Amino acid sequence: MSKVIKNGTIVTHDRTYKADVLVENGVIAEIGPDLKGDETLDASGCYVMPGGIDPHTHLEMPFMGTYSTDDFDSGTRAALAGGTTMVVDFALPSPGQGLLDALKMWDNKSTRAHCDYSFHMAVTWWSEQVFNEMETVVKERGINTFKHFMAYKGALMVQDDEMYASFQRIGELGGIAMVHAENGDVVADLQQKLLAEGNTGPEAHAYSRPPQVEGEAANRAIMIADMAGVPLYIVHVSCEEAHEAIRRARQQGKRVWGEPLIQHLTLDDSEYMNKDWDHAARRVMSPPFRNQKHQDSLWAGLQAGSLSVVATDHCAFTTEQKRYGVGDFTKIPNGTGGLEDRMPMLWTHGVETGRLTPEEFVAVTSTNVAKVLNCYPRKGAILPGADADIVVWDPEKTKTIHADTQVSAIDYNVFEGKEVKGLPRFTLTRGHVAVHDGELRSQEGHGEFVKRTPNTATNKALSRWKELTAPRPVERSGIPASGV
Amino acid sequence: MSKVIKNGTIVTHDRTYKADVLVENGVIAEIGPDLKGDETLDASGCYVMPGGIDPHTHLEMPFMGTYSTDDFDSGTRAALAGGTTMVVDFALPSPGQGLLDALKMWDNKSTRAHCDYSFHMAVTWWSEQVFNEMETVVKERGINTFKHFMAYKGALMVQDDEMYASFQRIGELGGIAMVHAENGDVVADLQQKLLAEGNTGPEAHAYSRPPQVEGEAANRAIMIADMAGVPLYIVHVSCEEAHEAIRRARQQGKRVWGEPLIQHLTLDDSEYMNKDWDHAARRVMSPPFRNQKHQDSLWAGLQAGSLSVVATDHCAFTTEQKRYGVGDFTKIPNGTGGLEDRMPMLWTHGVETGRLTPEEFVAVTSTNVAKVLNCYPRKGAILPGADADIVVWDPEKTKTIHADTQVSAIDYNVFEGKEVKGLPRFTLTRGHVAVHDGELRSQEGHGEFVKRTPNTATNKALSRWKELTAPRPVERSGIPASGV
Amino acid sequence: MSKVIKNGTIVTHDRTYKADVLVENGVIAEIGPDLKGDETLDASGCYVMPGGIDPHTHLEMPFMGTYSTDDFDSGTRAALAGGTTMVVDFALPSPGQGLLDALKMWDNKSTRAHCDYSFHMAVTWWSEQVFNEMETVVKERGINTFKHFMAYKGALMVQDDEMYASFQRIGELGGIAMVHAENGDVVADLQQKLLAEGNTGPEAHAYSRPPQVEGEAANRAIMIADMAGVPLYIVHVSCEEAHEAIRRARQQGKRVWGEPLIQHLTLDDSEYMNKDWDHAARRVMSPPFRNQKHQDSLWAGLQAGSLSVVATDHCAFTTEQKRYGVGDFTKIPNGTGGLEDRMPMLWTHGVETGRLTPEEFVAVTSTNVAKVLNCYPRKGAILPGADADIVVWDPEKTKTIHADTQVSAIDYNVFEGKEVKGLPRFTLTRGHVAVHDGELRSQEGHGEFVKRTPNTATNKALSRWKELTAPRPVERSGIPASGV
Amino acid sequence: MSKVIKNGTIVTHDRTYKADVLVENGVIAEIGPDLKGDETLDASGCYVMPGGIDPHTHLEMPFMGTYSTDDFDSGTRAALAGGTTMVVDFALPSPGQGLLDALKMWDNKSTRAHCDYSFHMAVTWWSEQVFNEMETVVKERGINTFKHFMAYKGALMVQDDEMYASFQRIGELGGIAMVHAENGDVVADLQQKLLAEGNTGPEAHAYSRPPQVEGEAANRAIMIADMAGVPLYIVHVSCEEAHEAIRRARQQGKRVWGEPLIQHLTLDDSEYMNKDWDHAARRVMSPPFRNQKHQDSLWAGLQAGSLSVVATDHCAFTTEQKRYGVGDFTKIPNGTGGLEDRMPMLWTHGVETGRLTPEEFVAVTSTNVAKVLNCYPRKGAILPGADADIVVWDPEKTKTIHADTQVSAIDYNVFEGKEVKGLPRFTLTRGHVAVHDGELRSQEGHGEFVKRTPNTATNKALSRWKELTAPRPVERSGIPASGV
């Protein structure tokens, strides 16, 4: 059954124009004036945009014998409710576990997804098995992005030499390296010091992960990626220090992308000073929220293009789970929600204020993600042949964010009480109208895995440059050739 | 008569894919597999890209009672020969001359154009007449860009207060401010000093316009544009100093674009040290060529996105004209050619080396220009409905640049002897095949003026932000209200 | 009558040690253990430091037919009360007035000084007379510093070409250029715009002089000084933008010094939002107070050495005088006090917090000033033969700053209510004990003019470098020498 | 027997003046006009300056079963010949060896010293023993500086967590942390990769240690020092990347010093491209020489004050020793000479060119070293009571550097053939005239160990600031305190 989106204004990352959109068999069949279909979606007064893509989620992530509360069911429903039509989750092997083995677990969990999804593969330890399986992950499983944790010492963290080896392997495979950038050694020591000094509350979580440790790690990852000749994607850039390292790298021609989160763009570290322990603990994530100076830096980065995409790191734990850390902040599960609110919050604080144009909004919430991760223009585009992942955005629609009316499965919302202006009227996932005039009509299991191939144009260009500038031996006849 | 471009790989600023292109009535009618038309252009092994747009030319520019040698005839033929399908020239009023009066002169000259063109309007003096005519220029003549010269003291140069007034006016009209950024006071003094010291040769031209004077002026223009709340486009960014000012501005959320020239990207200041006076004098332009450090900065800027487009400032004077300045470098007419070689030189030194991807090449030579100047996607796009300004680019085709085989009317070429790899097989201007398998078949007078409207999304966003953050009076009851 | 300062710890810009100081005939006669003199000043528990030097004051400055209220009498008494033993004031010619003529007026006013003083000469207009008199000012009057106003359009402001000419002249004379850095054209326009929009209160003074206009002017002055080959001293650096320009210049080997004021280090722009008009108007100075970000930048500059000295720009107007500007902020006389409080405020917020060491405190309040202005070690030193300008500093002494107990002649204090820790026990001016255990015993007319000679080592080094790197003509035989 | 240095011009880090200097019992007894002594040294036409202090040498350093060739005998003779009167060497424990044990070895070697010396203590592994002995090293042995190697994996290198633990310990003891900053993991991998690719020559040494790995490590050490609250001294800063990290840190108020070497200031990486293997191998040191861009950065750093001292890292291996690495660059012993030439080379390229003033020369070669390392003003000063470590510098004396006329024991000189202008006429070490009119008359065993105490003013200030800004727990009543 075909559908036509009528009377809207199409906004993509590079143009804005009035046209109807005809959707057939889950893809965009035609774009133009006066189109007709079996069903009509009225987009009067609305922008018709590529559905959001969240490049960074953790749905049903294992943690201390339990799981993050939003799974591929509630998580992708929340996504759709907020105009996001694709998520990219992280397959996380336990230390010693094979990559393919871990992927199977994520395959299982993701069968419930209401929208399309893809995976990043995490490299949490290093061995010949990991080295070998990386090839299969890229070539057979359609995953070209590998994440490394520079923090979480004793758990997910890898050492510099492991990271360098992995980055070189990624380079050979034409993939993209990713890092969670915080100096795990220093964080671990700071945690112990803070606990020893009686700093046990959630605010100490922020104290233990200051901007300096993030900036340092970002800078280090950039150097290692440069030496390995591989493009680098730095997740959850929260501070000026990390952003500065990225800017500096880009100004040397390095291929580095930075991903700020909607939380860091709109919330600050005063949240951790809240007298209510629950309030503070619910905001515990890594990196923590920062102050105004850092927020300004992130916004400017989106404007200038030195930061590329906006994500959520959605990893939702209930208050009950958060309370594991009463008396010891290091036991508070790390993570906050955001999937449902990323698009409205960014529109409200970005487009409504004039910091971003609507086209830039589309770029950072969708198109840039699809381009960097290599699923454009199947995703992130309003083009004939593209998947019909579309959000019909009503810029006049408003609401106040409340936990008790949200789709996400957790019992609170870090944006509680915030007014937003700009919300989905319709959200389509591969043609299915998952949000209809604000009403959620999504289908469990509708989502499919999106393969992403390696060897992007960026990989090729970088490799060419590295070859051109590679070390060459000096030719000498007779060595050594001289006396004094 | 329809034409179909077959078997090529389409490359736009955001995607690369195999498809044929059907051209009818001067526009792109269809894109897809297996298209048919009356005439077939074989693009096997080629990239099908938006024709280049040169945002900065001076064709038949009046100078000392004569004119720059390439006019809208030879200049646009040279453009097409090199894959460029649109030029934007500068209408330059003499001091005291009205804007509309000057435009008439440019209208007359441009009737001979072989490809489409548009104009920037220069503000070379300030008065109520200028203020008033600016509105007509924008609303009736379809020009939204206004250029200001911060150098050429006693001729085109405007003072800070004039520039600030003009920028505010542009802001009201929804236009974009442009500047030639060099501190004209200091240049004028340096010129006199150098002449007095016996530095009369063309190398003294470079000495008289060091990077510092360009960086200073760029920085000043940025501040004034910020105060006026208007987007700013800085032409011919040649050095790290100006680039640094632009980067710094962008990192504060300012809307500033920088335009490096192909000459500054690929030639350096050692040219002025040539023992052959003619060799050096032919390279005299403002700003002059710079050293390797500055070139590296410009390339990195294109890679990082802190610089946006590549132009030529094509303003071609013959050797005979250059020799006006024998014995006094200040009399050497300023300007070099480049229109014919911009695309091949940038492909060779950018794409072939891996510094730029093919998509980035399209962006900086065409699409970004069209977007910033607001004629996208009529220009700069391979999309149904877009003008059929297309270059079929053969990445394996090579040549050595020689003045005696060039299309441009001047008697030398600043790129003489350079090998290029990557050249047009076909160039189409609104559907007309102006270059056919390397053979020039362009038509005098085929070119049309391209109107460009004001109030871009960037203008609107910037204005909104400026309103939000505008000064507000403090409310006081009783003034003054206190004793000590 | 000799005096000995006993039992104190001497702190200079480069060392800290216990020793007594013997003073005879106004100079330091001896430093060592167990010294004896006719009179003993007990420095137990105190630091014995070079008296402060304020490089930037405006005592009895003419303004709108009246004068700034603190003159060389009350001003220098206030200085001594706060531990400052020398001030450097600005001789300001009216437009058209000769330099020597203006100096005579300042000679007359300064006869009342209680402590030593020197003058900077202002260049407020340009002519052959000014050019010629500059030599006399340097060679006969012992003044090697020339100040230029880039703001105050229509009054003191000079144009770029005038400034460049003056800077070159200063270079020839071996002097040092100084600037008040704000873009006067933009300020003037902003003032008119703000008034027109009903922004008439003192907060509009801050709106009219944002950090951008200061940063721009600083950057411009630096470039012009670089072209002229002259060292540059930028007064009242209030913001990150100007500081950034200075840092950038210094990192290119340029000889530039920046002078933050104690007001900008410790007060912020929220003062202008005060509901009390008088409160806000009393803080009106140029540049205005800035926010925390800028304060942090200034403190770090003092720590890093990118900023060199701390001054006051003391220019004190009474509340009555400030009220000239009721209804029109542009008529509020610009200037605040600070002479009396500079040293205690800097000690409290610098040394007590650990941002500065005591030696760094001495450097930025005294020794660096003497070195840059070329009166070291006659001033700014605790060395045998140096003038006995000494402050015996009690780091445990505290007070709360109140206008009603101050020495300054004005009726308020911008630091009103601030607690300070660290105050003079004794202040000696050329051996005379002007402050005795907190009691003021200064003598009108005791102060003498301090000559400062040109051609410092910095001048010589800079000139040598400029010669080495000066433009050289290319030698050519036969010009032009070639055909195509 | 007293000596008087007559008719010279004294130049210290802060002043220049004519005076005689009387030396008695190894210290400066008096400074003034017309002094008399038993022996007269004629300083006519000369500058009388504090003897140079080289903060970074490796005399008789153990390496692969042999030792670096210059020992405390030949090394300190070379030092004196070039005007350097004190060296600070590194006591290097083998992994597992105690600190005090290692110090004993250095005590033994240094008995032959001809000039005074001190030691830095290296922390090359981590244990409770090391932790405990650090206190003894500081309190009993008079060493307040602890060096850490971030490179030399498998040998001297320490991990981040060890470094952080050590830095915290240093902070408690009031000491100063030092690092050799290169990322050892990446260097080790690059070495293997280069060898595997057939890059076996000395140029591959440079390829294996690019500026990026140095900049990264410098940045990391700065962050760790900041977290530990300890001042940091970065040895042999060779490149813009490391310098940039230092500048950035200093601009955040961090207490970081950078030490460029005379080699990096005056020699570049083209040396490694020399066709003569010996020529290249003799220049092998870590970090390697860099290109012009980096040199410019280092010079500007000295001018701006962002870099503090100039050293040599003197570690001299003979050609024979260098040849251990024929066929495998990783086996070439790392190190070059410089002790003898540091002062003349810096004078020639710094003062003679106008980049540095004579006072700045004294600061970076002597006084700053003494201040940072805490032996000022016993060393680094021309003051009564200071050790008579004095160089009488003849600015007109010239020579061409040749290995066959040098004092150093090695068989070549990296500055071979360089002309220098500015050489010692006399060098005094604690009053002994070790160089007399160019003739070396030094005494083996004359040199004494210089104790350096902890808890400098910088330590105290930093600690105070860290206390003030330390994390504070939020006070909460009832945890958790809320529902949703």
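Letters A, B, C and D name the chains as they come in the text, with residue numbers starting at 1 for each one.
Just so we're on the same page, a contact is a pair of C-beta atoms (placed from the backbone, for glycine too) under 8 Å apart; a residue touches a chain by one contact, two chains touch by 3 or more.
In UniProt terms the chains read A, B, C, D = D-hydantoinase/dihydropyrimidinase.
Predicted model only: the values in this text are computed from it and were never measured.
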Go through the assembly and pull out the chains touching chain A as well as chain D. none
Specify the chain most distant from chain D by Cα centroid. B
Please work out the Cα centroid separation of chain B and chain C, and write it as a whole number of Å. 46
If you average the Cα atoms of chain C and of chain D to get two centres, how far apart are those centres in Å? 37
How many angstrom between the C-alpha centroids of chain C and chain A? 51
Quick check on chain C: which residues sit in contact with 2+ other chains? none
Linking chains that touch, what shape results: line, ring, star, complete or other? ring
If you look only at chain B, which of its residues touch chain C in the complex? 159-161, 164-165, 183, 185-186, 188-190, 194, 197-201, 203-204, 207, 210, 212-213, 215-216, 219-220, 223-224, 226-227, 244, 248, 272-281, 319, 323, 326-327, 403-404, 411-412, 471-477, 479-484
State the interface residues of chain D toward chain C in the complex, per the touch definition above. 13-16, 247, 250-253, 255, 297, 299-301, 303-306, 351-359, 367, 371, 376-377, 457-458, 460-468
